[in-house]
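Shared between the two complexes below is chain A, which pairs with chain B and chain C, respectively.
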Partner chain A sequence: MRSLINGKIEPGRSVFFWFAFAAAAVVMAVLPFEIGRYTLLNFNSFLLMTFLAAGLSLLWGFGGVLSLGQSAFFGIGGYAYGIIVINLSSGGWSSLAGLIGGLLTATVVAAVLGWLVFYVRLRGVYVGIVTLVVTLVIETFLNQTAGPQWVVGSAHLGGNNGLGRFSGDIQQLSSLTIPWGAHDFTFMGSSKAFYYLLLGLMLVSYFCLRILVNSRFGIALTAIREDPDRAESIGYDVRLLQTVAFSIGALLAALSGILYVSWGNFITPSVFGVNANILPVIWVAVAGRKSIAASMVGAVVLQWGAQALAIQGQYALIIQGALLVLAVLLLPDGILSLGPGMSRLRLPSRRTTGSVALRR
Partner chain B sequence: MAELFSFLYQYADAFALLTLSAVGLVIVFGMMGVINMAHGELMMIGAFGAAFSYHAGIPLPLAIIAGGLAATIVGLILERLVIRHLYGRLLYSLVATWGLSLILSQGALLVLGPSTLGIPSDLGNLSFDGLTFSLYRLMLFAIAVAIIVALWALLRFTPFGLHARATMSSPEMAEALGVETTRIYMITFGLGSFLAGIAGGLFAMTAPVQPTFGAAYTPIAFIVVVVAGTRNIIVGLTTSILILALVKTAFTINVNILTGYVAMLVATLVIIRSSPDGITELLDRGRNLLKPRPASR
Partner chain C sequence: MLLSVSALSKHFGGVRAVDQVTWSIDVGETRCIIGPNGAGKSTFFQLLIGRLKADAGEIRLRDRVITSCHPFERARLGIAVKPQTLGVFAELSVEHNMILPLQRSVHGRELEAQLKTRLEALGLSAKRNFPARALSHGERQWLGLGMAMASSPSLLLLDEPTAGMSPAETEQTVSVIRQVASTGVSVIVVEHDMAFVRSLAVRTTVFHQGKVFADGSISEIERNDEVQRLYLGSHGAAKLRQ
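Let's look at the complex of A and B:
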C-alpha cells in the first residue's frame, strides 16, 4: 500500500511534500470560516474544476494522449445530470440518479469514442483534433435546439439559453441532494457543505489517482507515453490501456460537469466551446502535467488569477494564452519542473531539423 | 435535369468551402507535420484586412490579396517567434499554436471590439434552365480549383517545389544535399498563412467579419486535414474534399446543414478507421492491389 501511495510515478514523495500537503489541508479545512459567502461561491467554482484538470493530467501527463476535447465529457455529464434531475423531479434520490447517470453516460461515450480512436492506433495530433471536432459538433448541435421539439422527457434542451434556464418555471436545475432522514439535504453552490463535499471528493480522487498511477496500470501507461511501440512489443495492450485512461479522464471531467451544474443550476452549450476546452489544457500545461497534484493546484490558482485579472480588464484570456505559449517554449513540463529533483528549465533548441517532425 | 444542376451547384459550393477553408492548413500539415490551431485566426486577419482595404477604396481583388498579405505577415512572425522552435515536437506545436489562436482572437476582440464589418457581394446571378446561380459561389469554386492547380504546378515544376518535396520525403537527406530546410519550412508556413488569409477575404463577402470569424471554418479544416493525411498533399487534399463535399451535400440537401456537418464527422471516423494515415494510405493500398505480384522464386 505504501509503495502505491508513495510510488515512483507521481512526484511529491519527500517528507517536505507531505508536510506541505498536511499544512494545505489544514488551511483548506478552516478556509470557509475566514472568507465571505461570495468569495466562497467563487472558490467553489474553482475547486470543482480540479477533477477535469486531474483527468487531463492522467491522460496527457501520464498516458501521453492529448485530448483537446475534454470539455465534451464535462458537458455530457452536466447535461445528462440535468436531464435526469428534471425528469425525476421528486425526492432526494433524483439527484443521486442524475449523478450516477451523468458519470455513466460520459464514461460510456468516452469508451466508444476511445474504441473508435485508439483501436485504429490514431496517435498524437490526430487524437487531439478528433476530440476537439467532436466537442465542437456537439456545441453546434446543442446551439440549434431552441425549438420546442427538442425535449427529452420533460427537459427542454433550450439551444443557446441552455438546459433548464429561461425555459419554464419548473425546469430550474437542482443542486446535488441527498436523502437525509425525513428531509433532503441540498448542497447549495454557495454553502460550506458544498465546499466540504468538494474538498472530500478532491482528497478521495487525488489519492485514488495517486494509487492508480503508481500501480502496474500507471507504470504501463507511463511506458506507453515514453514509447508506444516498445511498450506494445513488451506485451502491453496499448489500445486498451489508452481507452481505459481516456474513460477515466472522461469520468473525472463528467464529475466536474455535474458539480458545475449543481453549483450554478444551469448549463449552456458554451461548455462545449473552444474556450472551455483550452482552459484545462492551459492549467495542466502551465502547472505541470506530469503531476496530478500540480494540475489540480494549477486549475485553482489560474482560475483565481484569471478572475482577478478579469476585474481589471479583458486581458485575462490573452494572458492565459501567452502563459501557455511561454510554458510550451520555456518549461515544457510546466512550472513543476522548476521544483527540486525535476529536470531544469529547457531553452528552445536553436536549430532543429524537421526529421523528427515528419517521423512522428 | 434541374435537380442535377442544383445538386452539382451545391456540390461545387461545398467543394469550394472545404478547399478554401482547409488548403492552408493541409499544406502546413503535409509539409511540416504541424497542425496550426491558429489557422482560423489567420483567416480572421485576412477577412479584416480585406474588409478594411475594401472600405479604404481599394478594388475588391486587390483588397482580398491585401488580406492575404496581412495574414502572411502575422503567420511569418508566429513562425519565427514560436513555431520554429517546436518543429521536432508536434504535440507541443499543437498546444502552442492553440495558445496563439486564443491570443489572436482575444486580441482582435480587444482592439476591434465585437462590432462586425462586411464586404457586399453584388456580383449578380446567372439564370439557367429556370434556376438562378450566384456568380459569387461559382467564382469561389473557380478560385478553389485554380488554387489546387497552382499548388500542383508549384510543387511539380518550380525549384521551390523540388526542394519542398525533397524536404517532405527526407529532411536529413535534403539538408545533406544543400537544401535549407528551415527556409523551406518558413516559406511553407508563409504560403499556408497567405492561403488562409485569401480564404478569409473571400468568405468576408458572405459572413460578418468579427473576431470569432474563423471559428465557423476551423472544424471543417480540421476534418479535411485528418482525412487528407500527410502522404501526398495534392492527391490527399483533392480526394478527401471530393468525398467529404459529396457527403456534406447529400446530407445537407436531404436533411439539413447540421446533419451535413455531423455526416462529415462520421465519414471522417469511418475513413480513419480503415486507414489511420488518411485517404492517401487507402489509395496507396488500392494501387498496390492492382500491381502484378512479384513472381515467386
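Let's look at the complex of A and C:
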C-alpha cells in the first residue's frame, strides 16, 4: 500500500512535498474559522470543482485523452441529482438516492460514450471534438425545454432557467442531506459542514487517485499516453483502459456537478456550455496536468484569481485564455514542472552517462 | 507447427502488398525474412502482429485461428513484438518500461525479483529510475528487446533489430537471438542488413512483389541465380556478395 500511495507515477514523493501537504491540510482545517460566511460560500464553490479537475488530470495528464466535454458529466450528474431529489421530495434518503443516481447516470453515459469513441479508435483531437459536440448538443436540447411538456416525473426541466429555484415552479432543489438519527442533516452551501464535507471528499479522492495512478492500471495508462500502439502490442486492451479512465473522470465530474447543485440549489444548461468546458482545461493545463495534486490546487487558485479579476473588470476570461496560451507555449507540463523535487523521474547526472543523458 | 499462414493477402487499392502467401514456422525455429522496400515484408509483419487486417487468408497460432484477433489478444497468446522503432516508452522510467510486460503475469515480490534479474541481464540496473529517453540508442534497443522477452513469449517478432547498431552490438544481437531460440522460442526476424542475416545463418525467406520468392538457407539464397538475376539485380547481387 505504501508503494501505491508514494509510487513513482504521481509526482510529489519527497519529504518537502509531504511537509507542504501537511501544512496545507492544517491551514485548510482552520480556514473556515478565519473567513466570513460570504467568503466561505465562494470558497466552497471553488473547492467543489477540484473533483472535475482531478478527473481531467487522470484522463488527460495520465491517459493522454483530452476531453473538451467533461462538463457534460458535471451537468448530467447535477441534473440527475436534481430530478431525483425533486421527484422523491426532500429528505435524507432522497438526497442520497440523488447522489448515487447522479453518479451512476454520468458514469454509465460516459461508459457508453467512451465505448463508442475508443472502440472506433478515435484519437487525439477527434476525441476532444466529439466530447465537445456531445456537451453542446445537450446544452442546446436543454435550452429548449421551457415548455410545460418537458417534465421528468414532477421535475420541470425549465429551459434556460434550469432546475431549481429559478424555474418559476414550486419545485425545491434541496442541498445534500443525510439521514441523521431522528432528524436529517443538511449541508448548506455556505456552511462549515459543507466545507468539511468537501475537504474530506477531496482527501479521499486524492488518495484514491494517487493509489490508482501508481497501480498497474496507472502504469498501463501512462504507457498508452506515450504510445498506444506499443502498449497494445504488449498485451493491453487500450480501448478498455481508456473507457475505464473516461468513466472515472466522468464520475468525478458528476460528483462536482452534484455538489454544485447542492451548493447553489439550482442548475442551468449553461453548465454544458463552452466556457464551462474550457475553464477546467485551463486550470489543469496551467497547474500541471500530470499531477492530480497540482490540478486540484490549480482549480482552486485559478477560480479564486478569476473571481478577483472579475471584481476589477471584465478581463478574467481574457487573462485565463492568455494563461492557457502561455502555459502551452512555455510550460507544456504546467507550473508544476518548475517545482523543486517534483520531477517524476530522476535524470542521470552528466558524470554517469555523459552528454547523451540530458538531451531532450 | 507454431505459426502458419495460408493464402494470406493484403491489398492497398490496386497494389498487392501481400499476395496469397502461404508460410509457416516451427516451434523453436528462427527465420529471417528479407527483401527490399516494397517487397511486402513489412506488410506481412504488420499482418502477423495484427496491426493490419488481412483481406483474405488465414493465420493460425498452433491450432487457433488468430486472423481477426487484435494485437493485444495476440500478445496475450504469446506473440511478442520488438518494433522497428525502438519499442520503448521514452518518457517512462526504464523500470516502468520493464514492469509493463512483466505485470501482466507476475505480481508483488515475484515481479520485483524478475525485474531485478532482467535489468541486471540487460546491464540497466543502475539506470532503472532514468527515463528511457536518457539511454543510448543501443541501450534502448536492448530495453525494447528485453521488454519483448519479459512476457515469456512462444514467438518473438523482430523488425530490423539491428537498425542503428554498431557492428559489435549487431554481433551481440546475433548471440542474443541464438540464446532466445535455444530456450524453445520461435523467432521471426525481418531485416535489411545482409551481414547480420549471414551471421545469424538460419533459414531465410525472400519476399518479392508480395509473394514468397525463395526460401532456404542463407547460403542457398546467396547461390540462387534466380534471386540474384530477377530479384536483386546486378547492384543487389554485388551487395549480396559483400
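Structural remarks
We adopt the following convention: the second predicted complex is superposed on the first by the 334 of 360 C-alpha atoms of A that agree within 3 Å, B and C clash if a C-alpha of one lies under 4 Å from a C-alpha of the other, contacts with A are read in each partner's own complex, and residues count from 1 in each chain.
We take it that contacts are C-beta pairs under 8 Å (C-beta built on N, C-alpha and C of every residue); 3 or more make two chains touch, one makes a residue touch a chain.
Computed from a predicted structure; not experimentally measured.
Contacts of A:Gly128 after superposition on the shared chain: chain B is touched, whereas chain C is not.
By the document's definition of touching, of the two partners only chain B reaches A:Leu329; chain C does not. Look at A:Arg37: by the touch rule set out above, it reaches neither chain B nor chain C. In the superposition on chain A, A:Gly235 makes contact with chain C only, not with chain B.
After overlaying the two complexes on the shared chain, residue contacts for A:Ile219 are found with chain C alone; chain B is out of touch. Ranked by how many residues of chain A each touches, chain B and chain C are led by B.
Counting contacts by the rule stated earlier, residues 348, 352-353, 356-358, 360 of chain A appear in both its interface with chain B and its interface with chain C. Across the complex, chain A meets chain C through its residues 8-9, 216, 219-220, 222-223, 226-227, 229-238, 345-348, 352-353, 356-358, 360.
Across the complex, chain B is touched by residues 66, 68, 116, 120-122, 124-126, 128-130, 132-134, 136-137, 140-141, 144, 274-275, 278, 281-282, 285, 314-315, 317-318, 320-325, 328-329, 332, 348-349, 351-358, 360 of chain A.
Chain C meets chain A in the complex at residues 49, 51, 70-72, 75-76, 80-81, 83, 87, 89-93, 95-96, 99-101, 103-104, 126-127, 129-131, 133-136, 147-148, 151. In the complex of the two chains, the chain B residues touching chain A come out as 32-35, 82, 85-92, 94-96, 98-103, 106-107, 109-110, 167-168, 170-172, 175, 181-182, 185, 215, 218-219, 222-223, 225-226, 230, 258, 261-262, 265, 268-269, 272-273, 276.
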